[in-house]
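In what follows, subunit A forms one complex with subunit B and a second complex with subunit C.
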Partner chain A sequence: AGVRGCGGVWRRAWQHGAGGPGPSSCGQRAVTSNGRGGAVPVGKSGLAPWVAVVGLEIHAQISSNSKLFSGSQVQFAAPPNSLVSFFDASLPGTLPVLNRRCVEAAVMTGLALNCSINKKSLFDRKHYFYADLPAGYQITQQRVPIAVNGNLSYSLCTDNKMSQMVTKTVRIKQIQLEQDSGKSLHDDTRSQTLVDLNRAGVGLMEVVMEPDMCCGEEAAAAVRELQLILQTLGSSQAVMAEGQLRVDANVSVHHPGEPYGVRTEVKNINSIRFLAKAVDYEIQRQIEELENGGTILNETRAFDSKLGCTVPMRDKEGKQDYRFMPEPNLPPLILYDAKSLPANTNHQQVVNIDWIHERLPDLPSVKRAKLVEQYGILPEHSFTLLNEDGLTEFFENVVKQTQMKPKKVIGWILNILLSHLKQHSLTVKESPVTSVLMADLLNLVEKKEISSTAAKQVLAELWKGEGKTPLEIVKEKKLELIQDQKELEEICQAVIDGQENEVIMMVLG
Partner chain B sequence: GVWRFQVSAALKEGRVGPRELCQRCLARIKSSGVLNAYISVAEETALKQAEESEKRYKRGQPLGVLDGIPVAVKDNFSTAGIETTCASNMLKGYISPYNATVVQKLLDQGAVLLGKTNLDEFAMGSGSTDGVFGPVRNPWSYSRQYKEKSVPKSHSEDEECNWVITGGSSGGSAAAVASFTCFAALGSDTGGSTRNPAAHCGVVGLKPTYGLISRHGLIPLVNSMDVPGILTRCVDDAAVVLGSLAGHDPKDSTTIQDNFKPFELPDSPDVSKLSIGIPKEYQAPGLSSEILALWSKAADLFKNAGAKVTEVSLPHTRYSIVCYHVLCTAEVASNMARFDGLEYGHRSEMNKSTESMYAATRREGFNDVVRGRILSGNYFLLKQNYEKYFIKAQKVRRLIANDFLKVFGSGVDILLTPTTLSDAVPHAEFIKEDNRTRSAQDDILTQAANMAGLPAINVPTALSERGLPIGLQFIGRSFQEKQLLTVAKWFEKQVKFPMIQLEEVKWHSHDVFQHQKSASFS
Partner chain C sequence: QAVTVEVLDRLEQLALVDFRDAEGVERLREAIRFADQLREVDTEGVEPMDSVLEDRCLYLREDDVTEGNCTNELLKNAREKVEEYFVAPPGNIPLPKLEERETFLKGS
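Let's turn to the complex of A and B:
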């Protein structure tokens, strides 16, 4: 089989001096992506082009009140070790009790990613010694995960202006439920490790994406779409900066028609922007390594966001054998659908897949299509609306309160409002200009009471958040468009009178 | 209802008070210290609990049959406020912040918790000889019956080397019940750890169906086989304790959801309509001829009572012990991984690195037996061995369970087998073989019930030629404890197992309890 879902072909950006791209030679490297959909002729150097293959393993923290197998609360940035039950600390004799909410979140996510939901899934123990893993094993779903064989469609633009969007699909291999670990804080100066178990046992969904992507941009777009889906479902808050969404990338390169190359795993990627960078860096590094006659090691590498490069990670225990074993304290997880649901079941005791399916909210792709259809905006605008948290609601509120056509409103919101927000590093919800004020302002424009230029000035005033209405600002700053012919002539006359010499010069030509 | 624990009738009638009862038991624990049955004695809290119970009786509002009854618990059940050591350096000084569900249930019903009983380290053994607090001595070592038959009268100094083991790993609990220091004790049963010492100490040892009693708080040996066990002096008492412990526990997902209804056993059980199976594979190599004879006599008892007695076959039995060891060590390796010295328990002084601290902690904390099982368990779980050992053992486990299903499906109600190959051996002899060899021999007749999750009970049957107890085992259908115990009770009535005659001198005991007509108080 050829390279699936990806026609991107790489070649070397430029020639380098001696030595591979080790940490010392890290730096920004341009990487060219040569079209999409077709092999590219052999490069100038006479070398065959390279094809990159990117797969992702994504850990999404489940948004739930309590942990996957215990009653401890889940909360970001709580005081260290304040959310630790006896089970989380692995006190002897404690047993896991599965949190129904986590199961439902995984089922929702599976359905949203077009997976088939396994009506029977199993839990396994994965063993390794680490300070933040108190039991010495993680409970995960190695043999039979809760959801398998799905896919995720995502779009990305083929030029910088976002006017050309292509839709791609990545297959989802599986979604498995598993426990998060605690956090180790290494204090090198005092050579000690501090352990915080607040996160230990929090529910994770591991989403495994097949290697259907071929560059950082695709990986980033896929993860962004997944993030939006999770946030829409509420199954995860999916904030990368808070570690609720963690992405590991498997990267390899090969020549078209040849088997896949040896892959490396890139970890420690904590934003979508860095994901694109890390993947592209790693692709370029592997190409250079191979072209310089080197080999790629099957290793784990960490992305260094400061240096913008990947560096080998020291393995925790050398070659790991996780000694998987069935978790004997949890019976198989059985899910039901309308057909298999036994009569007289206590609904508190069972999870009904169909019930969850019927209650799935509109997914981002559906929301976008609806926006395009309802408001006649461009598809790429619908992407921007969904990409910024709260922007769609803002847009729709403005549209409701103004006579201006949605097609025009979108320009104001995407070009003007958004750039103000970006300038001030604010989120939509933090915007000092509410949708009501925005609508008032646009109404003034729509009624031709002020010009677009004036409206921008008013917006800048509104940004100060002094509590004035757009109309008040217009009055105060005398920004009204003059509708009265006579008044306009008088103003012109006054200007001309004040500039007598210039006028004479002009008349004289 | 009928008061089963006879002592509880005495309590109810005011012939004895909980406080007095508790004090007497505590005194008896002290005087029988040579047995080494207890690791911790919770004198203060026990007296406080007895005091509370006394008040309830005075108000005429006891909580139930167990109110005021002194009990002991194996030291691998978590008890808030009392050390839980598992007889290991690893957990010496460890005080659990919570009670195991079974402990909580006993306390909630007014039972008085005297202390924690001795065992093999982490319940890994069949002698109660391999714990960090030393071996448990079988009370029968100090019985008139044993001394008359086994100890040459001229060599009284030999007594020290003639004492016999209790069996294990719940030897402390068995000895505690057998020596009248308590009225019931909890053990745990993974491969026979309750039934084996019960057989050697001449008490009833019940291993309920897997999933009937919560394991929450029981420090695990093998999660998929562990069951809290019940040790009492008679079958009726075991039924009472079972009734107070059984049922769903939201903290243990492997307990059954259905409500458990406590039951009483009929006063005159009838076995005439029953079908008793005698599995031929249990004529294992090494089975002593007197046990074999006793077994066949027991079968005749049933036959004479009108029961249908047939020989049955459980063809995979002979593979059971090997598979048991693979599955047991694999789970042990996994379960023991948590003991790294970080959160609780022993931590080595070694501080070169986290890894070296782990290694030293585990070397210092675990004995050779535990370390050996961890090592082999990890070997079986290695990627290249997993299919070959673990998966294969699991498959055979299924075959073993199916053997039982087939036999029960063919109309057999209860299986009758020996519990042990022989009576208890002297400690000096027992330690000549290593733990692994001993476990393989001693669990041979008991672990299959664990592999299949079935309920099984040891009923003391007779004394051996050496004056030591011999027990027989009944194995029942899953969750058919009532039937199993009914048969056991009938059998108990037939065999009239003799009461232990402990030497008064040694124990300075003026205990009224052992002068009652039977050992059982029922």
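Let's turn to the complex of A and C:
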């Protein structure tokens, strides 16, 4: 159910001006699907439909103690230029020395994304001038990167209620190791740029995705899944707000059957939500431009989150020529597996792909499947559980401590607890209601000592964090379900007695 | 293949070099002629070598923090600084176009 077959049609409103104030001014556009099941925005009535093509370039900062080619520390927010070695500052006479942990992180990520790991990969120099790139070049892997030809599966809900999910796949072209640049702070008042090199030389994994996506929602879902995978592996903490995960989108539109259109690159996307908006805005902008007889420039645009639109970035000086050349100071990176491992090797000097493979943790997709199997919950429930940091653990702890069946517990966790958390903008870890308290409360419901409605009241009380137990609150507010049959009869009789007219009306039909 | 003014202009922009005078340009042409001798070698079926280090072992370092914390030393080299930041011009200043800059190439 919910899987779109070839030629299947589904309609979805394509909203224009996402992020702008008030409802969309240009109305909504109906959307049909193309042969691959992708969303196909239908243009103005009478005009041919459009297909959007979205590719992503993602830079994930490697989670390591020290940098890719030097021993300076990797840390967010430190005094300017305090985490910088002579090599990072590109002082003459310094040389790059590769960090093994960064290699392992890239191999783990490549394996998790079903890539072929290149047993021999090479380093190159990519030249361009910018104040935060002191060497005048970035060491990257342009010719032969460490991993190629993988794929990433992600899921989308076809309606807003998350009751129908579709699995899609995006191909991973390659993963390469490269250096991060420093940070530039633009001081426009004094017409200068302040440069902090703390970030210069930090290890990055660039994940290049093929243009298999067709809208903002797909791009966002793919990046979300990649983020979860990276966090599960520990190869990157992938927090977008701290710049540990950066996404650039390449967007173009064309009519089905015609060649791909000119693409633009969209940068300055700071969250997954903005990624969806930026991509959708750009698709819409390109469609409108072309339908009005204009052309699309092959340019770089920045996403303005306040206005919800993309704007051209400062003019780049003509077409860049990066003058790629092999990095002369680094021999090829050789990786081994169980078969090719030479005898009598120093373990510290060797990266064994098979060894890493054996130690990969359960990926999100596996975790979800296990949750569904173990607890009998729905697939969409498992998505929500994994999407909220700490929620799975919370859920499992409650299940362990309560007699209520997991299938019922999940409703309480996802509908009630989660909405409380969202309302108060709290993370699971910050929840005033612990899993112990939650379990106690659910036990009262399960034993029919209180009703569900009463339980919700108790939860609201528990949320205040005054240290009372569920039982104490129940007694305090007299929320116990009356179990005595005679007492119940007396109450019902009193109600009937008090409402004689209504009773007569009901009896008469 | 002649080394045209367009090519020289592009090189000046990309690498921020200044060919300065006829002698500079001639030196470039000489260098190209010298390098072109490589074409005389038949490399059919031979795997290209990309580095004289290709048979060496790439040393892998442990992920320990061993460097950094030398802000003052690094800033000693800076002509201008603001607190502990290096100071640079606001963004890249594009090299003026051929017609507008002071370059020997204009006269070529």
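Structural remarks
The criterion applied here is as follows: the second predicted complex is superposed on the first by the 438 of 509 C-alpha atoms of A that agree within 3 Å, B and C clash if a C-alpha of one lies under 4 Å from a C-alpha of the other, contacts with A are read in each partner's own complex, and residues count from 1 in each chain.
To be clear about the criterion, contacts are C-beta pairs under 8 Å (C-beta built on N, C-alpha and C of every residue); 3 or more make two chains touch, one makes a residue touch a chain.
For clarity, every value in this text was computed on a predicted model and none was experimentally measured.
In the superposed model, A:A135 makes contact with subunit B only, not with subunit C.
In the superposition on chain A, no contact is made by A:V436 with either subunit B or subunit C. In the superposition on chain A, contact of A:V103 is made with subunit C only, not with subunit B. Contacts of A:F324 after superposition: subunit B is touched, whereas subunit C is not reached. By the touch criterion defined above, A:L95 reaches subunit B but does not reach subunit C. By the touch criterion stated above, A:T193 is placed in contact with subunit B and with subunit C alike.
If you count the residues of subunit A touched by subunit B and by subunit C, you find the higher number for C. Subunit A residues 86, 89, 91, 97-98, 129, 131, 193, 195, 321, 323, 328-331, 349 lie at the interface with subunit B in one structure and with subunit C in the other. By the touch rule above, subunit C contacts subunit A in their complex via residues 10, 13-16, 50-51, 53-71, 74-75, 77, 82-92, 94-95. Subunit A makes touch with subunit B in their complex at residues 86, 89-98, 125, 127, 129, 131, 134-137, 193, 195, 321, 323-325, 328-331, 349.
Interface residues of subunit A, counted against subunit C in their complex, comprise 64-66, 70-73, 79-87, 89, 91, 97-103, 122, 129-131, 143, 184-188, 191-197, 314-315, 317-318, 321, 323, 326-334, 348-351. Those residues of subunit B that touch subunit A in the complex are listed here as 77-78, 84, 86, 91, 96-98, 100, 215-220, 222-224, 250-254, 257, 330-331, 333-334, 336-340, 342-344, 354-355, 358, 378, 381-383, 386, 390.
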